[in-house]
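Some structures are shown below for you to check.
The two complexes that follow have chain A in common; it is paired with chain B in the first and with chain C in the second.
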Partner chain A sequence: MRIPALPKSTKRSLIKSDPVLYSAMVAVWLSFAVFIFLPLLSLLWTTFFVNGTFSFANIKKVWSAKYNVRALYGSLILATAVSVSGTLLGYIFALAVTRTTLPKPLKVLLGAVTILPLISPPFTSSISLTLALGPNGMLLKALGIKNFSIYGFIGIWISETLTYFPVAFMVISAILNTMAATLDDAALSLGASRWRMLRTVTIPLSLPGIGNSILLLFGASLADFATPLILGGHTFPVLPTEAYLLITGMFDLKGGAALSFLLLVPALVVFFLQRQLLGTKSFVSVTGKNGARTEFAQLPKTLVVAISAICTIMVVFIIYLYAIILWGSFVKVWSVNNTFTFEHYRYVFKHGRKAIGDTLLIAFLSTVIGSVLAVVIGYITQRKTFIGKRFMEFSSMLNYALPGTVVGIAYIIGFNRKPILLTGTLTILVAAYVFRYYATGIRSVVASLEQIDPALEEASLSLGAGTLRTFTHVTIPLIIPAVFAGMRYLFIHCMTAISATIFLVSVRWTLLTTRILESMTELQFSQASAFSIVLIVIVFAADAIMHRALGMITANFHRPQEASYEIIGA
Partner chain B sequence: MKQVLKRLVVISLVILTATALFAAGVKEEKKVGGSLNVYSIMPEKYATKIFEEFTKDTGIKVNFVRLSSGEALARLIAEKANPQVDALWGGPADTYEAGILEGVFESYVPSEAAKVPAQFKSPDGYWTGIGIIPLTFLTNAKFLKDHGLNPPTSWNDLLDPAYKNGLQMADVRTSGTATERIYSLVNIWGEDEAYRYQKKLHENIQLYTKGGAGGAMPIATGQAASGVFYIVDALDIQQQGYDLVISYPKEGVSYGVEGSGIVKGAKNLEAAKALMDWASTKRLGDVMVANLINYIPTRPDVVVTNPALDMSKVKLIDVNIAWKGEKRNYFVERWIEEVIQN
Partner chain C sequence: MKSSALELKQVSKTFTKDGQTVNAVQSVDLTVEQGELVTFLGPSGCGKTTTLRMVAGFELPTAGEITIQGKDMTNMPVNKRGIGFVFQNYALFPHMSVYGNVAYGLKARGERTRDIGEKVRSALKLVGLANTENRYPNQLSGGEQQRVALARVIVMEPNLLLMDEPLSNLDAKLRLHMRTEIRALQKKLGITCLYVTHDQSEALTMADRIVVMNKGRVEQVGTPFEIYSNPQSVFVADFIGQANIVELQIVLAEQETLTAQIPGGGTFKARALRPDHHVQGSELYRTGQSAALVIRPENILVQDPSSEDGTFPAHVRSSIYVGSHVEYELVLANGTAIKAMVPFSRGMHIYEQQEQVSLLFDATATAFLPL
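Moving on, here comes the complex of A and B:
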């Protein structure tokens, strides 16, 4: 079954037939022009024009080095491994939360713990992983394992899987939650076994979530430079790290830009693969024709046991890693003087107050603006047909697909000249976050819309409501869980991401994450831990407040099914 | 229905406010009077203390961000058309030399620059040295005891199989500490021999760290055994209370010169000049000594109290700074090709 197309608009121009869509598109293209194309074109210019003439010299120079070719393979292998393992782990957690009868407090714990790796800056978990599994590591000693080296592929893979699987978890559990439980009943009453139900109903219907998650994780791993920087050593180079090293170490902006261009190719391939995979099937399960609400069916017993075991091991491991950080923040000198002290927290609140305030403001603004944009873009690209639709989809993902390092440098080059002079401002930081991390929001809005029968909107339209009214009264309430999932991810990322904005912090606007990295490089491990803990607590608290506030605002938008969504997170 | 409308109004108000705030960001491009904006390559913990004293003395407030030397230079170049800061503080002199070629620095000879020896400042006044830092070996004391070893006193001692998978030192691509290592080795043995040595040294390397000081903490906690650092980083971690041994190779070490300079197009030029003037006086050296900031002051008349900074028994190799700047990229590329590529 194909999704039926919306009624074709008449031959009149778009501006008259659908002024709302028209103005939304103008706004979106305008923002793309300024915050995506302008910086990237400036960067292209820097890369391909040597003294004003077109030249491949920069590219050629970079690609003649064997080490860089190795880095390309490294990036691809790593991103593939992380997207598969992260999605698998995320799916297992999502099943545990949405499809098992584990006690509710346990589910809350699961949700809360999986958020931990996501809300702490990536290098924080890398550090605690080093302390646990590195040379002379505590966990290795405790388990009596010798000759294990965390530096290289293994270390990055473990660390990135831990860091990114919560994304998979959030995306997939949102999809699993909005599925109609009646389908489970139908499968079972038609005589299917629970395994068969899982294989033929649950998994196929969650394909948009799986594809989405693989794409997001692949992109995230492809762009991550912090983890390979700490754990890669010299044996496993990856492209973003090499680009970062070229730019920051050798002042070689052109070389770094040239290196990162190759990253665009794999990102594009994955993007189109996903369209290919999902474009041909219908995933409509919210039709407005649902019968009485029933519970989701239980999973097979053996699977429940396996899922519980995996979740338990992961939860214990994650808690252990964070306990190291927590402990570190309260001791006087790491591993030498273990006297309990608040000294590091006093330092954080004395010297870090500005960073905390700035970070919160920036994250708040980015989340609000980014979510609005994500809903608009996700909606018009999934539901409407217009010229340049694919290009819009692709453009919206550009800043996300490019390594943050490159986006950061592109922003510096692009916004340091008139007419748009933004370096050193709040705007440039907010824009960098919005156009980089709203991608999750767009994807989850799209995935959610794919599940919702357009007939619902058609009904509204044929009853005389306009585009805007249909959008705010029918579509929005239906996709709220997905918007919410995207929003939380956006907020969390704005609080913790560093790769693009490390180049954009200024003497006026600074970020908590750069302070943490700074403390790390200055060997103030306890201080860095205290900063990290403060950051984690703030994100947790803000996330909870956001959840509450959103719950109140959207109380009567919720369909009864969404009640179970609460359990996903704190 | 009315309720829904009301909620929508609330939501749109929130969005509008946010957008207004967002737009406001574009306009807050204002200068702060009586203050100074600085990129500091010097670690934050030192810069905070030094700038505090500067503010006490002059009343000029300093806003700064700490950056690695590569980032700082990349930014200064990128921001050339619209400089965001007035001065660059700390960081190796060869970074300044590279910056001069890109035209990002303003020439200014500070009031007491004459008291600073010629090899510690730019002949044209583009930068003035504020401290010097020799390289040193930093070794975990417990490791030495467990293996019955003496602290390393020759570069060749680090080739001992006991150090296998035990050395952490900075990555040449990102760290001035690491390039300093190559300058030392090339001046001791000549280029080819220096690279042959590094290939052998590579066999014992556990990890090359991004920052010059990155390996110090792992060595302190026993994750790694030994490494090569600038004295300022080595002493700092030792002062935190870890059981570490600092030693020097008999073949000698070169040293880094920490610079300071004014950015071309500085918006607070007078304040930037005031900082340079202040830094050229004896006062800066005294502040560093009093706060246990372990750079050796460039002014010979500052009394250094820490015996670890007494260089009379250390063989220091003088390396021309212009040569460093010239050779840097070549050395880095050769390092990638020959040392880590296998």
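Moving on, here comes the complex of A and C:
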């Protein structure tokens, strides 16, 4: 007789049941330990431990310097101002695109103009503002304004608003687009005027978007390093630049660490508030929804006129700012000697060749490694259940949520001694980019996996394919568009971002963006312009190539119509 | 000794989600022989899918043992079990052509390209889809997608074919058609098949045997005939077909027969089901307690009121003439509602609302079940 099967534990070790997953998880945790936890803990250690004992001495010391306190307030005031003005401007643009009957080409132009600041290096608007409104500024001369200084709060504020309002525009237009047009009709049919409809329907329903935009812009401005460095001068200190100057100018690591801790606190608050906000409503469906649908009601006439006027002025201004850089790159000495010359480009391709090569290599490596990591992390956190999953999700976003300056300082502190001595290497630069900007990749992979029925993967397994084959033959082909979306974003950031990596460049490895910064601080505006133009062209070209590549890859399996991912599994 | 195609021994599955535990499947025992088609039938959430997914290996049992052709499969990864699974939504790979879909498993198995081509074509022919090889899933109708899903699985010649409500996304007419087609194919290939459905008629017409599940447990396993005519519990009687359940008080419990009190009338004698539990000495039926009398609507005669022993006094709530039958809704003296379906013949009297009648239950088609 057989003994009836006793309840038999079916717990097995992960190593045996799914060795691939096991190795992936070990690799992910190891990489987190080295590139996320080690630097951050080193930063905290340096801030709070003096000779091995816990102490607030470092914080007290930076706090007692009046200049640093001013920098903290400066940062907060600036972030508040930018988040308000940027969100307002973004809302106006979003209304123009989603709620007016402006001619189609004009709307396309509006969209295009908002893309420019997103993919330009962070200095672009600062440089062009300097050219226009700085010493010998073109616009100042043209308008006959004297005694105006772009350096200080005003300059940073304008520049950051220009740089970040597109983020607000994207977030808000997404939510305005997904609103049901029938609500407008309902309000109007109930006798509401167009103003009243706007006030009682449109704006209240877009509040989550407004809230998210304010938080995003607050965080971005708080972390922005490039703009205040160029436009802040000594009149308007902010935390990221102060930390940078302390470290690179005075080699005061402890002071820098303490300052960046002051910056870390509000940044984390914003991060948590944003998670809270997004957790309750998943409205950020950044799908470019357009096409046939019921029309939204028209806005009040006067408002349409005002919106059109503001948008026109902004579009002209932004185009002017980019044109001015292009022009600036071709003149001998800006505003002094306006003869046409290729001199600056010659300089860029001669003395900047190393920077160009380094930047491309670093961006390429970071994009490839970052995308692979994003796919692995996105896949295991979306598809698998395991202990510590939440923590993995959270950790993966940490370097992204923190201001770049904080991450940069954490990296130099964490990697400037044994056992992991990486300062001055290619590895540290690539790691800084990868663990900061793969976040978007992870998100798009997760979002894409959520759309894909797990039954497809189960079907593959049940047909005898192993985990790895299923992953490469079924999962990857289905999420490849999302992977590419993440890659494009990653590449753009690796080419343009500077706040973290400014601390990590060396004689051996340098970046285009740092060359731009050097040119600016040496007041070589034309040279800086030429560098910027080259950078923008490279970014555009690379982006176009990636777009093409995606088209070619997916052409084979979305036939004949684009297979929409909603019908997957059907 | 030849081993069974599939054996489940005390298989249980408990899910834990957000601190709550759900006993989705509890101590299921089942043996399936080679070439059988066994359907799983039961209300939503009773654990049919979970059981099937454990057999497939998508879920691991919390306890118990699963063997396929005598080999212990409890912890075997899905891809090593040699099973085929047909999903409710077909789960065709949208990025592969019909050919790619059907060839997928053969390629994974590392077969030669020439063999693959041959096998794929013959499988597609078998399901009536020759010449669709180069189409993509989104270019096929629902019924065609269903066939591709079937071809993709049978081309692998699995030990065991598992289907989870494979027809539920098709329209009613196609469903009837596919039902017979799947059954014919399964017989022709001699594949052992587990088939989940909550469509009774599907289960009754297709199955060699039916497993009726309720709340994670197996209520009864048997041929369609056994399940229908010899339900072993009130749940099965109620769930399969239409049945009237009348609660009666037992006045005499004898060997395999019970006599019970008719509300407002005499007594009624019928057989007691569950021969595995003898009446005497068992806890199932005891004098003075209640038992459930199960009677199907077609086994009731409606007559003029009489005081004959064994008849049930009742009044008519409604009567509908539907051509070949008269459908009655009746109410017993204790308030129990009864449905009766009486074959209509010429000159027959149709009782009107509120008329008093007397019901005669066909004792051979009636049985007591423990409550």
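Simple rule for what comes next: the second predicted complex is superposed on the first by the 304 of 570 C-alpha atoms of A that agree within 3 Å, B and C clash if a C-alpha of one lies under 4 Å from a C-alpha of the other, contacts with A are read in each partner's own complex, and residues count from 1 in each chain.
Heads up, the rule we're going with is that a contact is a pair of C-beta atoms (placed from the backbone, for glycine too) under 8 Å apart; a residue touches a chain by one contact, two chains touch by 3 or more.
Note that the structure is predicted; figures quoted are calculated from it, not measured.
K.L.:
Check the contacts made with chain A and report whether chain B or chain C touches more of its residues.
P.N.:
Touched residues of chain A are more numerous for B.
K.L.:
After lining up the shared chain so the two structures overlap, which partner does A:466 touch, if you call chain B first and chain C second: first, second, both or neither?
P.N.:
Touch partner of A:466: chain C, not chain B.
K.L.:
Return first, second, both or neither, reflecting whether A:65 touches chain B, chain C, both chains, or no partner chain.
P.N.:
So A:65 only meets chain B here.
K.L.:
For A:87, using the defined touch cut-off, is the partner it touches chain B, chain C, both, or neither? Pick first, second, both or neither.
P.N.:
A:87 sits against neither chain B nor chain C.
K.L.:
Between chain B (first) and chain C (second), which, if any, makes contact with A:359: first, second, both or neither?
P.N.:
neither
K.L.:
Which partner chains sit in contact with A:518 here, chain B, chain C, both or neither? Use first/second/both/neither.
P.N.:
In the superposition, A:518 touches chain B alone.
K.L.:
Name the residues of chain A shared by its contacts with chain B and its contacts with chain C.
P.N.:
Touching chain B and chain C on chain A: residues 473, 556.
K.L.:
State the interface residues of chain A toward chain C in the complex, per the touch definition above.
P.N.:
Contacts found on chain A: 4-10, 12, 17, 453, 455-456, 458-467, 469, 473-474, 477-478, 556-561, 563, 567-570.
K.L.:
Provide the residue numbers of chain C that touch chain A in the complex, in ascending order.
P.N.:
Within the complex, chain C contacts chain A at residues 9-10, 12, 56-58, 60-65, 74-75, 77-85, 87, 89-96, 104-105, 108-109, 136-139, 145, 152-153, 156.
K.L.:
Could you list, by residue number, the parts of chain A that touch chain B in their complex?
P.N.:
65-67, 130-131, 134-137, 149, 151, 229-230, 233-234, 245-251, 253, 333-337, 351, 364-365, 368-369, 372, 409, 412-413, 416-417, 421-428, 430, 472-473, 502-503, 505-508, 510, 514, 518, 521-525, 553, 556
K.L.:
Can you name the residues of chain B that touch chain A in the complex?
P.N.:
Answer in residue numbers: 3-4, 7-8, 10-11, 14-15, 18-19, 21-26, 28-29, 37-38, 43-45, 48, 63-66, 68, 70-71, 73-75, 77-79, 81-82, 84-85, 98, 165-166, 171, 173-175, 205-208, 210-211, 213-214, 216-218, 220-224, 233, 236-237, 240-243, 329, 332, 336-337, 340-341.
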